[in-house]
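In the two complexes that follow, chain A is the common piece, with chain B as its partner first and chain C second.
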Partner chain A sequence: MDHKIAIRQFVRELLDNKGDDKPLNDDSHLLTSGRLDSVDAVQIVVMLEEKFAVDFAQIGFDQTMIDSIDAIDSIVRSAQAEETAEPLLKHGK
Partner chain B sequence: MESEVPTVSSQVESPFSPPLLAVLEALLRQHPGVSAAKASSHHPQLGQVTVHVVPNDEYLASFLKGDAEERKRLQTWRKTFDLTQLGKEAASAEVGFNIAGWNSSYARQPIPEPAMREWVAHTVAEILSFAPQEILEIGCGTGLLLLRIASQCKRYTATDFAPAVLGKLRQQLEVMPGSWEGVSLLERAADDFTGMAEDSFDTVVINSVLHYFPSVSYLIRVLEGAARVLKPGGRIFIGDVRSLPLLKAYCASVELYQAEGDVPLNELRERVTRRRKLQDQLVISPAFFLAFGERNAKISDVEIRVKRGRHDNELTRYRYNAVLHARSEPNNKTTVPWMEWTNLQHGRADLQRVLREEQPETLAIRGIPNARLNQDLFALKRIFDPHASATVADLQADLLAQQPNGIHPEFLHDDGDLAGYRVDLSWARCPEDGSYDAVFSRKNPNHQQSIAVDWPQLSTAGADLWTYVNVLGANSLRQRLARELETFCQQQAPPEFQSCSIQLVDSLPATD
Partner chain C sequence: MAEGSSTATGTLLTTSGWNLASFRLIPRIETYPKVVAFAQTLAGKLILLALFGAGLYVGGQAAVPLTVCLAVMTFVPLTRRLLLTLCTLAFAFLLPWFYGRVPLSLLVTTVQVLVLAGILFWSAAQWPHSFYGRRPLLFLFSLFWLILLWAVLLPPGATASPLFWRFIFIFGNYIWFIGFSLLDAKATAHDDFGRQVGAYLPFWGSSNTPFPKGSAYLRQIEAQNAEQLAITQLKGLKLLAWSLLLLLAFRFMTFAVHGYLQVPTFPEALRLSANRMPLPWYTCWQALLYSFFTGLLSLSIIGHRFIACCRMAGFNALRNTYRPLSSVTVAQFFNRYYFYFKELLLDFFFYPTFLRYFKKHKNLRMAFAIFAAAGFGNALYHFMLSPDFIRKLGFWKALVTFQVYLFYCVLLSIGLTISNLRKKRPKPAGFLRSGLWPSISVVLFYCLLDVFGSTERNYPLVEHFRFFAHLFSINL
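Up next is the complex of A and B:
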């Protein structure tokens, strides 16, 4: 499954749990708008660490980094790019 | 149990006759999660029966008692705090003053630095007034208190469960000047007292931490542990507790702040109710500590202190400090004659005159209206007025036209200081209007600490401790109960009702 679909689904569920049935666009603000809170942010972070091997200890963390589906998607893309780049580097050694 | 359920007669013609609905209600009332149930059918088709159920709060809270649920909640909070230390705010924090993660619920922005500095200064002063020598701090965070107190103590043991947070504190201890020999840092959960001897600390500090505890039973476990390691003559200082009697006003003030002007008040009312139910933090009535103190043999008396501070924010308006004393002479309470604030005809001017001219040893006044909450309480009343037809913008205009009312607690501290009095302010009556009681005691150079006073307080006789704490994340617990009840109906109800819909409500709808 395309990772962006998985992210959309995950965020939609978090919103549903809060009784938020408002439309969700890929650029909708999630945390800075108050639709999701810091506890939800942790759910997103854990999902990204577990499913997409994003390493926040390396890249740092700021709520704006996961404030929309587009933002989350771009973190996943960078993490995946790094993952594919790493073996090449090792090979180069 | 099943045999006690009235059986459904197949002779009943209409599947939704009142007696049949009563059968379903009786069945559901047997479930421990149900306080009351009312079934209704607005559509004659099968499966269109709705049952309104008032949930049993104690049963909802029991969902939280499981170890797995507790662990999950603790892990989430640990991660939350660790994440705050990975951001730019923490990286650029001043040594000794790392306030990353302290955000306002209103603006969702960091609480302004001057307000946090004042908050730290008052908390530190309050703890130092006990002249502590051996402190245990549970949930020390990045050391806002430790770095200001520890060098004045013999021993300062500090615990926190978030490794990245403790790491930041260690870094600061390395570069900050001060004598830190007595400091030991332990990475552990708040309920872990392993290796700590009974009667080994004169002061236990738990500041701005309780609202992250995962359940009431966890909270009780921590306080029992704290009381056990406390020396006779010592005290447990619990700072920054979110007030349950004021939770509704708090939720109303946040929702009002965030709402657009054209939102009708009845919609705002729903948002306030939802926010209250969604609280993921423990919100505790002062009565909890009063009741705990009465049940714990070591605790002699409990003070519920109104927060200090001129800055106006959710910390000063909606939180309080509790001090659980283990006094050596537990029955030595000072009885003071209480007078009502309303008896002071000229309010503060009368008070100032009495302190200046009559100079009583102590002066005790109850029922002082709280200027900090005046506006929020006005708004709350309007939002919950069932006849309110106005919008948020109308309410905001009315608020601007409101006359200031009540006395700011800091003004009483000013009056006391000027006349040479120590001022103690209490919320032990647990009032929903935030009004408070005051004791002015003449300053005595030999006695800096608060005296044990017979504060007016809410009676907690016979009540269970859990009734003084909100149900955490009640929304998800209610969803869980609704699913459980639907399964219960599928398994136990007559076939006609197996797909009935359960709606959890706070009270049953009025009968037609």
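Up next is the complex of A and C:
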């Protein structure tokens, strides 16, 4: 659950930088609503790569994948699930 | 592209008694609960459609067929996506056939292109882990260029030649739309091909740049209930009204500046400069500024119309042009000026590059991805936009005559890279230093860039440089 707090905080900062003080829910649309733009999307991508080791080159990417905190959270969860599954698979070999 | 602010917001003065910042030329009717509730009733829907149809008529669009399509989608919202496909197909085939404007052979070629799109989409969805499934865009563009190469290599009188070129023209019109479908095919919950077709040159209008992106985007922004539909439609009506106001401004500007003050257009000034009869430097500046602002207005008008119709159909798309003149950075202007073209460059070129290359070198990674999008992608898009040049001149000559736009792409990429990599400094105090001066600098940058930004192919790069130097009273 910790990562969701970190994601929420990061997105809140991006919104604050734009002077957007509207409430932010976990299912609020970020990009399709225009609250964040593509420059912010790149920052989210870099944050996910650096903090949560998400590899978009592997899983594919489109902006709808990071359109809400919930959506971002689900990417992090599947990345972490894969990370835990990988050593098990290697061990199985 | 934040939509929080309305289309016409005064931003200058804020006094204690009277707040100009909250002034809106077109009120935010979508935030009035009574208006939203009324727009959900039968009478409200009819009035909305009548007003919208009248607006389309005044704006000189195909008001009747568009309003009929929008009415059907308003009253049968549950089958909106199916209706979108049917309306789009009707606009692609029935209307041109009805008006007799398009030869039957072109319609047959359109069917061939759609069949090809269907096969490509189905294969990408069916075999996502195959080589093709992992790189469907590479395959799509390679296919286009192979067919083009084949057509170029055909002997001039070959009977197959017109067939090839016809196919290339239509394929070129649809290629970015098909590309968005192929991107969507990778998603686990993608739309079927029937829905994808609804986003191929949709009935509300589009250039070769998909407005607004593809089927996946429509899925995200579709109104989910009656209230959302009413709000979206009210926003659509507002946007159409704004587009009509801009049309008035455009006509006034053309009349006053070009007609009355006799300010030439940029192509006229460039032609005279190339023929060694340059206008005075200050007239060249006037021509450049006039062309820049009319270009901005035209793009806003047409983009707003497309998006207004899209919203009226129940899809809450972002505006194509959103307050570009208040941009304080080069990157911000690029984002706000032609949003859907920028999105195309991002989805097809920027992200695939950014996510794969130079991950460990932050600045190089960003610069390389920007050059891939604003440089390579931008040039490729515009080169593919006019296969007629390739047909008439051959490939190499067509490329040589494209030199000016290639140079433009390089300059734009450099500007965007610097803008993105510059460290954010604390905002300076005062409206002049924090808002006005950066905005003027950005407009000036794009104005000067426009000297090289036209896709006309009459004059070589050196003539554009000559014009550029003349702006600063330097005669080469």
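Following the convention adopted for this analysis, the second predicted complex is superposed on the first by the 92 of 93 C-alpha atoms of A that agree within 3 Å, B and C clash if a C-alpha of one lies under 4 Å from a C-alpha of the other, contacts with A are read in each partner's own complex, and residues count from 1 in each chain.
Rule of thumb we're sticking to: contacts are C-beta pairs under 8 Å (C-beta built on N, C-alpha and C of every residue); 3 or more make two chains touch, one makes a residue touch a chain.
Nothing here was measured: the structure is a model prediction, and the numbers come from that model.
K.L.:
Clash or fit: what happens to chain B and chain C when chain A is overlaid?
P.N.:
Taken together on chain A, chain C would clash with chain B, as the superposition shows.
K.L.:
Contacts for A:Ser38 in the overlay, against chain B (first) and chain C (second): which applies, first, second, both or neither?
P.N.:
both
K.L.:
If you stack the two complexes on chain A, which partner ends up touching A:Ile5: first (chain B), second (chain C), both, or neither?
P.N.:
neither
K.L.:
If you stack the two complexes on chain A, which partner ends up touching A:Lys22: first (chain B), second (chain C), both, or neither?
P.N.:
second
K.L.:
Considering only the touch criterion stated at the top, classify A:Ala57 as touching first (chain B), second (chain C), both, or neither.
P.N.:
both
K.L.:
Report for A:Asp67: first if it touches chain B alone, second if chain C alone, otherwise both or neither.
P.N.:
Second partner only.
K.L.:
Looking at the overlay, which bit of chain B runs into chain C, 220-228, 274-282, 346-354 or 490-498?
P.N.:
Stretch clashing with the third chain: 274-282.
K.L.:
Please report the chain A residues shared by its interface with chain B and its interface with chain C.
P.N.:
After superposing on chain A, chain A residues 18, 32, 34, 37-39, 42, 45, 56-57, 60-62 contact both chain B and chain C.
K.L.:
Under the stated contact criterion, what part of chain C meets chain A in this complex?
P.N.:
The contact residues of chain C facing chain A are 1-4, 183, 186-187, 216-217, 220-221, 318, 322, 331, 335, 342-343, 346-347, 350-351, 354-356, 359, 366, 420.
K.L.:
Quick one: in the complex, what on chain B touches chain A?
P.N.:
Answer in residue numbers: 76, 79-80, 83, 86-88, 91, 108, 258, 274, 278, 280, 475-476, 479.
K.L.:
Which residues of chain A touch chain C once you look at their complex with the stated criterion?
P.N.:
18, 20, 22, 29, 32-35, 37-39, 42, 45, 49, 56-57, 60-64, 67
K.L.:
Give every residue of chain A touching chain B within the complex, in rising order.
P.N.:
Result: residues 17-19, 31-32, 34, 37-39, 41-43, 45-46, 56-57, 60-62 of chain A touch chain B.
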